[in-house]
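I've put the structures underneath this note.
You will see two complexes here that share chain A, one where it goes with chain B and one where it goes with chain C.
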Partner chain A sequence: MSTSDEKVKANGKTEKETPPEQEVREKGNGSGGPILFFFLVGFIASLLVGWIVFPRLLYSKKKQPIDFNHALHVETVEEGCASCHFFREDGSFSGVPKLAKCMECHEEAQGEDPEELKFVSEYVEKGREVPWLIYSRQPNCVFFSHAAHVRLAGMDCVTCHGPVGESTRTKPYEENRITGISRNIWGKSIAGIKRNPWDRMKMDDCAECHAKEAAKGAADLERPIDGFFNNIIRIAFPESLLGRKSSAQTRNEACFVCHK
Partner chain B sequence: MKMDRRSFLSFVIGGAAGTALSPLPWKLTDDLAIWSQNWPWTPVPERGEVSFVKTTCMLCPGGCGVTVRKVGDRAVKIEGTKGHPVNDGGICILGLSGLQLLYGPARVPSPLRRAGERGQNRWEKLSWDEALSLVAERLAGLREKKLPHTVACISGTDTGTVPRLMERFLAAYGSPNFIRTPSMRDSYEMTLHLMQGVQASAGFDVEHADFILSFGSGILEGWGSPVRMFRAHSKWKETGVKVVQIEPRLSNTAAKSDKWIPVNPGSEGILALGLARVIVEESLYRKAFIDTYTSGLEAWTREVLGRWTPENVEQATGVDKSTLVALARSFAGARRPLAICGRGRGDTPGSIGEFMAVHALNALVGNINRKGGVWAVPDPDYIQWPEVETDAVAAAGLQQGRIDGAGSKKYIHARHLLHRLPEIVDASDPSVVQALFVLEANPYYTLPDRDLLKKAWKKIPFIVSFSSFMDETARNADLILPNPMYLERYEDVPYARGFNKPLIGLAKPVTAPQFNTLPTGDVLIRLARALGDPVAGAFPWENYEQCLSETLQDMWEPLQETGYQVASDFEPGSGSGAFDTASGKFEFNPEKAREAAAHVSVQARGEAPGYPLILIPSDSMRRATGYIGDPPFVVKTVPETVLKGNDLLVEINPETAKALGLSEGKRAVLKTPKGQARVRVHLFHGVAPGVVAMPTGLGHQAYDAYLAGKGVNFNDLIAAVEDGASGLNAAWGIRAKLSRA
Partner chain C sequence: MKHEQAKKYGMVIDLDKCTGCGACMVACMAENNIPFKKDETNKLDSITWMRVYQLTNGKPFPNTDICYIPRPCMHCEGDHGHSPCVSVCPATATDYSLKTGIVSQIYTRCFGCRYCMAACPYHARYFNWWDPVWPDGMEKYLNPDVSPRMRGVVEKCSFCFHRYQLAMNKAFLEGRRELEEAQYQTACAQACPAGAIVFGDLNNTKHRVHRIVQPDPAHGGRPKNPKAFRLLERLGTNPKVYYLSSREWVRRLADHYLPNETPGKGH
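Moving on to the complex of A and B:
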C-alpha cells in the first residue's frame, strides 16, 4: 500500500548506495535511536516554546505613565489604602483615584522628585486624567463588589492585592495580547501556581476562598450546637435554604452574582 | 543524520506531547474564551462614579422632569424624576430613548454650509465665526435694503428665554414674523381669550375629574403631557371614573374607554353642540355657576344651539338620538365632569367652533377654574426684559404686519398661522420671506401639502436651521447652526401641555457637548453684537447662561437643585378677575360664537366621486410626530400591522377592502387631492367602512438610517383647511381614493 515507503527505499538505494545490511537494520526495529532523538527534540522544543517563548510572546510590557511610590504615600496619609482607594457615598468602590483626588494634595509639586514634577506638569496643569494601567482589572464579564468583601466580610486589601502598599516603584504592566487583560489576573506563573493568595485572581481563586469560607461556616467549632442542627436540617430538607449547597457557584442563578 | 518520515512523525509526536505538558494549550483556551467575551462591538457598561442629574425633557411639549443616571461622564439611563408634579417618576418611550438621540448618528457635528443643491445632503464644515459672520452679513444686507420684515422664524414654541430671545432679536432687527408651529394650543388659547378674556394656556385638572368626555383626544396616544395622562388614566380605572371616547377610529384610548362612541370623522364639534342643547333644554346645567359667573347663555342657545336638534345631530354625526341624550344626562349628572378636545395628540389646531362648543360644555357643568375642571393657566411672567428700542428701519419693518396675517383684521384673534405661509411665499415674487430661521421645529416634515411646501421652500433664498439633528428641515437648509441637544444645554421650559399649574422646568447640561455646537441663545447674542446697535443694544448679556440666570433671578439656584419650580398652591378661582371679558363673566356667546359655530365642522378637501373615501390620521405613542423623529429603539416598537419592512399599512374596514378587492397586507395606491403613496392595507373593524386611517409620524427622509425611508408621511397627503372663523388650520382629514397596486 505504502508506495512512498518504497520510493524512499529506492531513492536511498540509488542516491547513496546504502549497503543492504544497513537497509535491513533501518527497516527493522533498530531505528529506535534517531526516532527517539527526534521525539526528544520535538518534546523539548515544544516544552521550551510552551514554558518560555509563549509567555514572552503572549504578554506585552508597558510602563505606568508615572512611577508611583505607594510606600511613601502610605506613610504620609492617615487612613491607609482607603485614603485614596475609597468607597463612594453610594457604596461603590472608587478604584484607582481620579486626578481630582490626587490634586487634593498635589495641586502643586510638593518635592523635587522628577516623577512628581512630571505628574504635575503633564496631568495636573493640563487637567488630564492619568491613564493608569490597572493590574487588577477583571474582564468586563466579571462583576465584583468591593463593598461585600471589605465592608461586610471585613477583608484586608492585602488578601487579594498583596503588599502593594509597600512597593516603592510601579512594576511594568504586562498585558495579554489576546485578551487585553493584565497578567496579574492569571498570575506571574504561567503554570498558574501560586504561593500567596494574591498571586492570581482567576475564578478558581475566588472559588477556593469561598469554598473554604463555606466549609468553615458548616463546621463552626465555636458553635457546635448550631452546626449540629444545621446538619440535621440539611439532611432532612435538602431543598431548604440550608439544605442547598452553600457555595455561591452551585446555587440557582449563582452565575449572575459574579458574571454580567 | 537525515530526517525521514518516521523521524518526522516522532518529532511531531514529541512536539505534541511536550505541548500538552506545557501551559500553552490550556492558557490559550482560557484566553480565547475571555477574548470571545470582549469583542469590541459588545456593549460594555462604563466604569466610574455613578451620579444623577435632574433635568427637563424637551422632546415634546409635555414638560416632564427626568433624572439622568451617569457613570463617569457618560449618560447611561433616563428615568422620570420622582415627585415631579407632571410625571412623578414616570417616563414615556420617547423620553427614555433620549440617549440614542444624544449619542446617535443623527446629530449635526458642527456648523455646516450647504455644498451641493438643497436637500442633496452635501455639506462643508465651517467655524462658528465664519458661520455667524455669514448670517450677520446676510441680515445686515437685508436691513440696508430696508427689508428687515422679510426675515421670519419658525419656532416650536414661544415660551422660555430662547424663543423669547429669538422674538426679541427679530423685533430689534425689524421683523414681526416670529411664528410658532401649529397645535391645539392655538385653539385652546383662542378659546380662553374669546370666552374668558384671558391670555392663558388651558390646563386640565384630570386627576380630580370624575367623568371624562373626550372628543377624539388621544389620552393614550400622546395628548397633553403623555406620562401624566397615562397616570391619570390608570387612576381613573382604579377609582371608577368613567371615560367616554368620541372618535371615528377605535384607538387605544377608545379601546380602553368605558364607552366608545364612533362618530363621522370631523363631526365631533356638532356632537358637542348637540349635547349642550340637551343639557340646556333639560335644565341639567349648574344653575348657580351659570347665574353668577356666566353671561350670554340665552343668546347662545337661541343663535347657536337652535339648529342642533337631536335629529339634526344624529344625521350629521351618525350618533343616534338616544345615545346623545343619555350621554348628555350622564355627563351633566357627574360631580366633576370634564370635556376635552384636540384630536389625537393635538398636533393640528382644529376648528375654533369645536373648541368653543366643548369649552361651553365645561361651563354648563360649572367646571371652569374648579377642581377637576379646565383651568386658565396664565403665561409665566418671569421674563422681564427692558423694552426693545427700535430705530427707523426696525420700526418701519414692524409696521408691515405679519406675513402669515395673524393679528390682521381678518385673523384678528390668531397669534400664529404657519399653515398659511407656504401659499403666501409661493404667491409672492420676490419672496416675502428672504431669510428663514428654524428653531426647534421641523416644518419641512410637519407642514401639510408637500408640493406647495416644496415650491415655497425653493423661493426662500436663505434658510438657517438651528437643529441639533439632521432633520428634514436641516437637510433642506442652507446653513445649520447646531444647538447642543437638550441634555447638553441650559434652557428654561415654562410649559407643560395641559398641566393645570404654572410650572417652570430647567433643562441643564447632563454631559459636555458631544459636538461642536453653540447654544442658540449665544448665537443670537453674538449675532446681535455683530449687527451693532440698535439690535446689539437689546442684548446686554455676555452670554446666554448669564441671560438665563439673571432672568430667573431667585429661581436660578433652586432650579439647579430640583430641576423644576411649581406654583403648587395655584388656584385660578372663578371670582372677579378670572374672567376678563367685557361683562366680567364667562361668555357663552362672544362676538365670534355664531361664526365659529357655523364652521364647527369644516369640509374635507376633495370631491366624492373621484375620492370616495375619507382619510384620517391615527397617532400613537410609538411614533413621534413633532420636531423629533423616532429614535432607533422607538422605531423597533412599531408593530408589523403599521410598518412592514419599509411599507406603511393603512387601516380599512373589511367591508371597504371587499369592495376594493383588497385583502390583508395587499399593496395599494392611496391617492388624495394632494398626492399619492404606495401603501399596504391592514383590515381593521375599528374603522368605519369608507374611512382610511393612516399612521402618522413615519415617512421621514432625514435623521438616520433607522428612521429614514420607513413608511409614508401623512402630512404629504393632506392639505390645510382654513377655519373661516379663526383662520387656524381645522383640517381633520382629506378625501381619498384607494386602489389595488
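Moving on to the complex of A and C:
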C-alpha cells in the first residue's frame, strides 16, 4: 500500500505524461491477458485429456492369440461366413468357432505361415481351445437373436459386423477397463460418431435400424389394403393393440424382446 | 402386415396335487440365477421368485387341513395390460407384453424405487439388498441365458422368458413363427414331480391350460371351471395364474371371503 502511495506521489509529475498506461490498467485488460491465456491453456489441456489421454487409459489393448487372416479363409471355404460361424441345431448361433471346427481342416499345418504353425503346435497338438478375444460380445443383459436377423430378416453379416471377411490381420482387442466391455460396442470414436452402420453396436444402433424398418412397414405398399387400414387404426386409436404394438407402456416393442 | 395371434401365457396349479415339496422353488432358483445368502431365515430380504406358502383351515385336530400353495408372479393383465406394478413404474422398467402376456422386468432400467413392490398384492416382487455372492466355483453353474442382477434393483418371476426367446430362436431357424406347447415350458412346471403345474397359452384352445380353466373373456378371464380360482380375484388384477382346488375353504381363503359371503358372487 505504502509503496503504491509513494509511487503515486513520486510519479505525480509523470502521471499526466503517461495516461494510456493508466487507462489500460483501469479497464483491467492488462490482467485479463494472463487469465485468458491460462484459461485457454487449461481448456485445451482438459480437451486433450478428455479426448486423447482418457480414452487411451480407459481401454486396454490386447493382441489375439493367433493373428487370423479372414480374407484367406473366406477365399478357401465354400459357404462364406457360415462355414465357420454357423447356427447350432437348437437355434443358437455358434459365434467364434471352437477348436473342433478349426481342426476339420487344420489337424496338421497346411502351409508355412508362422501363425498357422503356432496354432497347430500350441493349440491343436495340445488340445487346448484358443482363447479368442470377442470383439462384439454384448453385456450380459442383452439377448440378440442371430436367427431372427439372419434367417428371418435375411440380413447380411456385414451390416452389423463390418467387412471383417476382408481383413488379413486381426486388430487389437480393446476392452473398457471399468466395464469390461469391448470397445466395438461403444465404437472407435469416443464422441460416438459413426459413419458406417457397423461402427457401433449400442442399443441406439439397434433402435435406429428398427425404427427405420417400422416406418417402412407402416407405409408398406405391397399390401396396400391391409397396410392402409392398419395405419388408420394405428393413428386413430393409438391405444389399440395395433397402435401399441407389443408393449402396454411404451407403444413400441417391449424391452423384453432384447433384454434378458 | 401379417398378424400372429396374440398369446397369453399362463399357468394352472393344481393344489390337490401339490405336496409342498418345494421342487419348483429349487428349479426356479437354479434356472434364474437367483441370489441367496448364508442365512435365509429372514424372509423379508430373501429372494424367491417361486414361493410355496402353507395354508391351514385353522380348525382343531381331527378337522385340521393343510394346503400348500406355490406362488410365482401372477403376470396380471389388469385392464389391457395395466397391471398394478406396470402402471406405477416410473422408469418403464416393467412392462406388459401384449404379444405374450408376460410382465417383464428390465433390471438395467430399474432404479430400485420399489414402488412396484408396494403395488403388487401378491408379494411376488423382490428387492436386491446386496450384490449377489456365489459360493466359490458356482459362477460356472450359472445359467448363461439369464443375466444376474445387481444390488438395488427389483426382480421377479419372468415365466422363464429366456426359454421363450430360445424357443423362438429355434423356430426362426426352422422357418416357423409359432411354438408348440411343449417347446416353451417354465422350469417350475417341468420340475414339479406331481405334475401340479401346467403352463401354456391361455388363448390357445389346444393348450392344456385353456382346456382346464376355460377362461371366460367376457368376464375378465374368470375361470368357467368351478374348481378353478385366482388369488385375490376381486381386486381386478386379472392374474394369469389359476389355481385348482376341490376344497372350498381353500377357494374362500384365496380371496379372503368373509364367513357370510359366497365365493363367485364377488363385488
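Points worth noting:
The working rule: the second predicted complex is superposed on the first by the 213 of 260 C-alpha atoms of A that agree within 3 Å, B and C clash if a C-alpha of one lies under 4 Å from a C-alpha of the other, contacts with A are read in each partner's own complex, and residues count from 1 in each chain.
One rule holds for everything that comes next: contacts are C-beta pairs under 8 Å (C-beta built on N, C-alpha and C of every residue); 3 or more make two chains touch, one makes a residue touch a chain.
All values reported here derive from a predicted model rather than from experimental measurement.
In the superposed model, A:Asn140 lies in contact with both chain B and chain C.
Touching more residues of chain A than its counterpart among chain B and chain C is B. When both complexes are overlaid on chain A, the residue A:Ala148 reaches chain C alone and has no touch with chain B. With both structures placed on the common chain, the touch criterion links A:Leu58 to chain B but leaves chain C unconnected. In the superposed pair of complexes, A:Cys255 makes contact with chain C only, with no contact to chain B. Of the two partner chains placed by the overlay, neither chain B nor chain C lies in contact with A:Gly80.
In the overlay built on the shared chain, the residue A:Gly91 is in contact with chain C alone; chain B does not reach it.
After overlaying the two complexes on the shared chain, residue contacts for A:Gly111 are found with neither chain B nor chain C. In the superposition on chain A, the residues of chain A contacted by chain B and by chain C overlap at 90, 92, 140-141, 260.
On the side of chain B, the complex with chain A involves touching residues 1, 3-8, 10-19, 21-24, 27-28, 30-32, 34-35, 37-38, 42, 44-45, 47, 49-50.
Contact residues of chain C toward chain A in the complex are 1, 6, 80-82, 86, 89, 92-93, 95-100, 102, 104, 106-109, 144-148, 158, 161-162, 165-175. Across the interface of their complex, chain B is touched by residues 4-5, 8, 31, 34-47, 49-51, 54-55, 58, 88, 90, 92, 94-95, 139-141, 176, 178-181, 186, 190-192, 260 of chain A.
Residues of chain A touching chain C in their complex: 87, 90-92, 140-141, 143, 145-148, 151-152, 217, 220, 223, 226-227, 230, 239, 241, 244-250, 254-256, 259-260.
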